[in-house]
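Per-chain residue numbering starts at 1, and chain names A, B, C, D and E are given in the order in which the chains are listed.
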């Protein structure tokens, strides 16, 4: 049994190596992550306890299968992987998937969940959203607009946080000017943290039970803590009917590292 | 074992083919989906993890069994199927069932859940409602009434969204005129999206923990997102005690495609 | 194996037939369901997925065992059975039990849950209440009192709905006259539906997390939907802190039919 | 197999009999249940479905083991047992444990959960509280103080109800005089039920997510229902942020009877 | 089988003994627990019921493995262990981990959950926070500042309580002076309990669904109950949107004692 599995592992590994060598038209990740109109799907997974009852060889075969799926969909979707285990309860990892068609996100996730490892995964939380052009920034004073263009410091930002937000009816019934005033206050509170905290916003109204999915990367969780305290101190906070629940905190990790944790 | 199962699969497939060829009095789907007084049941299913431990042949036999059930009830109920996997957490697919007797919906679902695949399905969410004539439209201005008759663009609308809604006591205590005013504002907000978003409304008060089940189809989730933002900006939104929870987002798929995903 | 089980099934069936033939002092159901001071227990059950892994013969033996329990307790408790499967999520059936001692309801349910089938049942929801004389009716105008005596139309009313209700503190702090005024409005809203919707009220304060368990039977769910909309439009609705959650919708079915669904 | 288990059962039974015969310093239950400063722990258990897959002999051995644990801790803790099965959903029984050290309650429960039966128990709800001298009674008028001393009627009170309560911030910010006024109204509402409903109060603030655990015993659930309706009609009810959730309703039963239900 | 396992246990025990003897650069626990900028992670675990189906020898081997993980991470993280079993529902124990990098907490917990015992652990609750310098104390009157420096009484404080807290928007929108006034009232309420209740505060905004994680140690739960009642009586309590849910109550226990409970 062991020997046979070892051979399979080797063959799969060989395939992976060979495939990786082949030139593939892969999706332009940078473009997908920066342009409006792109759909983002966040899918949180928890490994079922029966997974650990498989022997290591079987788990390795299963893990290798995942890489094939990633490869297959790489032409259409950009995939980022995150380790939640240890920092977020009832969760092991999550994937963030971007594509110009929400259907492509689904196709990838259906294939992922259809692998052997996939059949041991519980999909505990999913958020869907769409990137848009900034709503309020054009109405901000020029100096704030300039400040908001501050690029994040270079270097790795290993921590990632996802916070879903639902606004109350009063928020949506404010006119654009009133909302711009509140968002200006909100934006100003973020300025001191633009270098240490990267942010990306997704609009989710109607696609999910939240209005926004806010995504952050940082190297200093302490800074992020101060940033969110700053945001809680703005009047716009009065209109957050839901903020988090769950807050998803993890670390950015290559797929290999996550699979390694699940197979060792 | 494998051979025997293969034979069973073949025989079942043959039966299906032969049965499909036979003229059946099938329910008039278009009529059921457009007339008042028809009962709609939405049943969300999640596949139990043990399903995946069956070998593929057994899963195929089980999947074929489902088609017989669909056939059997086709005279009384109209059945639509949707894939949720990948887009909605803790769910794999849902069926929307229409008939003139709520009991017929139950009969079909009991038979569906009584199949081999059915015994591996967790029925995580169910909504029941009834279609009615428009309540408020007759009180709207003529031009809005005309605008509301805009037919949806032809072509497939592969995305489907279900949002249950509960109104607060204040809503129900408004008089008809006051509610008509608010619904007029609501209806006007939908006009720009009539071509790209199809809608159907079910009344659920007393039959479920919600007052309305709203059902949407679209080819452009981005448009749907804008539509719901537009609805959130109307005063009627102040009376939504529950909006979603869950919001169910999936894609319209023929049963065969869903069964294929569950058996490959 | 099969043969032996078949024999057991036959013997059990024989016993059942013989026992049914024997004259039994059975409880006076009509009296229990109409008099004050009687305790009603509603117990919702969901069949565990392992049940379906038993072979059919074992399931039939187990089902037959249930009938013996029903018989045994028939002298003290009146038992009604309902199929929820297909219409209410995460539930298969419920029993409604009446007796003059709450303890007798418990004895029956303990024995039911102690059968082989019982060990595969998850008791997901239970409500306990007590029937009382009408609180407010004596204070209503004579014509409303008369109207409220309208008997339901004869003929079967196959649909049953259970809605638990919790009132807010303001409700309980209103004086009797103020509550009577609100309940008069409430009662008037029910008059158009007295023929098509049968109702029974249980008081549950302190015995459960609700103040009332409302139970309905109807042949026309559409009428029931209109009835509850009518109730939502009365001012008394402002005092419903909880209404449903869950709303339990099913069909009245003889035990045999429910057991048949669980064993075929 | 059967024979060997029977021998074990016999030996365990013998041990139990012999042990019971030995003079033991057991805790003074009456004192523990009436004095201030004593810690009460309420632990609700639900039997795991796998328990029922054990053969009866194994279940009997396991049940006998429980009695040894009760004996061992009898010097330090007073233990009361209650059957919830049939009256409270998702629960089979609960134990109420009293001792002068909260740690002693934990020691007993850890040993209980460490038995064979214990490994099949899900501890679904736990409340911890402390008995104190009456806070408000000294400020009540003399006649109310006298009335409150009415002893409960003699005779068994087989029903037990546990209702956890959390007060709102406004309650805690009232001064002692204002709270005494409200509690006087509350206490007066209990007077008509002092004979038929026994009560005991535990303070839980900080030790649990509630401020009070209220415990009741009665022979007449109808009286208890009226008592709680009376309490809902006092102004103090406005300050109950949580009342129940869960309300735990069961019957007082000797351990043997509960074990018998779990082993027959 | 038994013999082989015994040998493994012995070898592992030997390794442990030998390793413990070796001088290790272990983290400075006192410093980590007292300085600002340190990250604390609270991870609550519940043992899966299948754990108890392993034979004792296997469970002992698995438990011994845990000690190796603790050792390995001892250079970077300070680890405290607590027994919840018996006092907190649906939980067996929790670990509190401190380090200067949140990532180190994750590394440790990933390794812990990757052990054999780890694969039987459900991580039901996790909180992450950061220690900071006191926010409001510098603005308090000198005598209160002095009083707050009262050291806790020496001697063991075996009980530990964790209460997560979320403030409302109004709290965060108060200016520093207003918050200082409220916190002064709060701090004054703690003075009588400084000797018997030790406290530590973690800031969690953005890292979790709470703003603060409050941690307490005491020898007298009755004192702790009075302390929290005192805090509920301050105006700052009006701004607690969430207080507990869950409140986690347990006892400080060396890892060996917890593992012993899980393996005996």
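Basically, a contact is a pair of C-beta atoms (placed from the backbone, for glycine too) under 8 Å apart; a residue touches a chain by one contact, two chains touch by 3 or more.
Quantities reported herein were computed from a predicted structural model and do not represent experimental measurements.
Path length between chain B and chain C in the chain contact graph, taken as the least number of steps between touching chains: 1.
Superposing the C-alpha atoms of chain D onto chain E requires a rotation of 70 degrees, rounded to the nearest 5.
Note: centroid distance chain A to chain D, computed from Cα atoms, is 47 Å. One inter-chain figure worth recording: chain A and chain B are separated by 29 Å, centre to centre, where each centre is the mean of the chain's CA atoms.
Touching two or more other chains at once is no residue of chain D.
Taken as a graph of touching chains, this assembly is arranged as a ring, one closed cycle with exactly two partners per chain.
Across the complex, chain E is touched by residues 37, 39, 41, 43-44, 48, 50, 102-103, 105-110, 113-114, 119-120, 122-126, 128, 130, 167, 169-170, 172-173, 203-209, 211 of chain D.
The touching residues of chain A, when paired with chain E in their complex, are 49, 52, 83, 85-90, 158-159, 161, 163, 221-222, 224-225, 227-229, 232-233, 235, 237-238, 240, 244-247, 249, 251, 261, 264.
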